[in-house]
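Each chain carries a letter (A, B and C) given by its place in the written order, and its residues are counted from 1.
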Amino acid sequence: MIEFRLNGNSGVSPYQQIVQQVKSALRLGRLRVGDQLPTVKEVVGKVAINPNTVLKAYRELEHEGLVAARPGIGTFVVNSFDETTYAAQRTLRRSLEVWIEKARRAGLDDESIEALFVDTFLFSPKELVR
Amino acid sequence: MLGLLVGVAVFFALTGPHLWNLYDSLKTCKAKGDCDSLTHSLLNEYNKYFPFAQAFSLVLPALLGMFWGAPLIARELESGTYRLAWTQGVTRRRWVLTKLAIVGGASMLAAGLMSWMLTWWASPIDTLNASRFSSLVFDTSYIAPIGYAAFGFALGVTAGVLWRRTVPAMATTIAAYVAARVPFFHFVRPRLLAPLKLIVSLKHVGNIGFERTSNGVSFIAGGTNPPNSLAFSTSVVGKHGGEVTQRWLRDHCQSLLQLSNPKPGKGIKVTTGIRPKAFSDCIDKITATFHQVLLYQPANRFWTFQWIETTIYVVAAILLCGLSYWWVRRRIT
Amino acid sequence: MSSALFATDLGKRYGRKWALSSCTLDIPTGHVVGLVGPNGAGKTTLLHLAVGLLTPSSGSLTVLDEAPASSAEQLGRIGFVAQDTPVFESLSIATHLHMGAALNPNWDAQLATQRIHDLGLDPNQRAGRLSGGQRAQLALTLAIAKRPSLLVLDEPVASLDPLARREFLAILMEVVAEHDVSIILSSHLVADLERVCDYLVVLASARVQVNGAIDDLLATHHRLVGTRRDLDNLPESVHVIESSHTERQTTATVSSADPILDPAWSVETLTLEDLVLAYMGQAEEQRRELVRPKGGVK
């Protein structure tokens, strides 16, 4: 079952962090259709936040069609992102690992690697260039 | 505190039967001819323990006040646990009343049991001495200690509520207890009912004689209180008024005054056998003119006094508890 | 019932000093309410008034629509955890639970023993031997097992280490998730409240500075940054709470019901901490105004 980690200093509100972490888990295949999300009680028991925050996040995910609440039972994943992206993700992950190793061998430290990646990513075109 | 009570109870239980045995054998001593020695050993046994037993009984109400009364509410206030106790599902009113009733009741019960044991334990000697009504014996027997315990306890609770701290409350309790009891016992008790008057001829009075003082010589006479009574006052008074003054002695007992005894303050007592004529003449004259007037509370009023005094103290305790209760409800905010 | 706490001009005075004054609040049920303010602001006074440990000097107060401590039932509906979580040091945990059962009409004995068990505490342990965090958990258990409609906590985590603090708040949130209970908790640490509360009351200088649902408050309060200028030109509906000026720049924390559309200002969102600090700063400034000699130089 997915576990949430909240970063108090990130500037992102807790409920948004939960939404993002669920979506991210869906994209990475850690959550699949049919999986149950932890109950509100379980979430707040691990991460001391207001239950309404969790409810709000789950409601938004439900609104986006990704999960559905079954009263008395729990909240379940009903939709995910495209299955074909999983395979592509695996290949891409491997290329990224190679690239990181190259950067390290070139003498870049972790912060430089991250800055280089973020910079390139932010300035890359948003749409695919055909 | 509880340990102390149990310890004392055990003490009474262990030493009591022996004393009673000695006392019982006194009944048959006339036949056996060992009355004197039996009485002697009985008195000895008592003198070993009596001061302690009596002291314990006198101080018990103050102890109950200090250890059971003072912390009753003060400790909760001091330690902050009142914030837990008064936010449970019982009202403050019920909490205070219940605590007062339970611990107050326990105090009275403890004092009652102790008193019962002490009365039983000391009753041989009280009977021998015919001293039931005398001070201190009265205070430590039958039901009077129950009243004192209630009072001591209530004093402790009230002190605790006013100080809100246990230690100053304990000190105040014992001070207030003594300050209340001593004057009562000296001044109030003998006057609770109008004392009876008894006139006794000086012929029947023991220990009469003269004492040399800085002014000259003065007449002294011992007391002859009826058995088991409470003495109020003893005085030697003329049959038609007046007292045995220096002047009277000068007028009537010249020859006595001329007897020299260079040491002032030394008593010159009349004893059988040695009867200088000057002495006996003077004594005869005094006996003819004066008598002893005793004011006392008779033995048959003993129980009346026990009830009156206990009631007074219990009422005082109730009033104090009422004050504490009102204070806690209204003023501790 | 819709009001957890309803106060009208509530005040409490000790001698000449008012520990709390002109306090008017209508806190709805169904929320986790954070009561925040500096030490000595009156938080403990307000909470003690709410649970009947104090009586008001002025104004009126009802909790769960009844006067505080008015009856055994009313007391049974409110669970209270006082500052420093007092317990009876010489009594065992089990005795505390028995006491709770005897003194509270709605006591849930199973819940209590289950919690003690889940916490890994030995029921025969004397309460005086517990660590700070364990004592806080015991006090919380005693309050929760009453099955109250309202839980009031006075700085429950102030003296706890970070781990104990997190565990305490987590258990508190579980209780909220599971039962229909409103919570009022006070703290002088905003970070804790931000995660856990959805309603806020700021107390400073013995008065309520601001109160409301946190989402609403954050939506209606903003930080305005712009070139240095006077703040008198702002529209009527905008109230300045705090402002500061440098040579070139003016920054102001404001509350505004309507959105601010003036392009001269850059509008930023506030964190809860910013908001609380702004109001506390305002209160402090007002207090200093009162103390400052009249006609003096600023």
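Quick note on the criterion: a residue touches a chain if its C-beta (ideal position, glycine included) is under 8 Å from a C-beta of that chain, and two chains touch if they have at least 3 such contacts.
Note that the structure is predicted; figures quoted are calculated from it, not measured.
**Q** Taking touching chains as linked, do they make an open path (line), a single closed cycle (ring), a hub with spokes (star), an all-linked set (complete), or other?
**A** Shape of the chain contacts: a line, open at both ends.
**Q** So which chain ends up closest to the centre of the protein, judged by Cα positions averaged per chain?
**A** C
**Q** Using CA atom averages as chain centres, what separation in Å is found between chain A and chain C?
**A** 34
**Q** Roughly how many whole angstrom separate the Cα centroids of chain A and chain B?
**A** Inter-chain centre distance comes to 89 Å.
**Q** Can you compute the centre-to-centre distance for chain B and chain C, using the mean CA position of each chain? Integer Å is fine.
**A** 61
**Q** Across the complex, what residues on chain C touch chain A?
**A** 32, 166, 169-174, 176-178, 191, 194-198
**Q** What residues on chain C touch chain B, complex-wise?
**A** Per the stated touch rule, the residues are 48, 51-55, 69, 71-73, 75-76, 78-80, 82, 84, 86-89, 99-100, 103-107, 139, 142, 146.
**Q** Give every residue of chain A touching chain C within the complex, in rising order.
**A** Going through chain A, the ones touching chain C are 6, 8, 14, 39-41, 44-53.
**Q** Which chain B residues qualify as touching chain C in the complex?
**A** 79-84, 86-92, 94, 333
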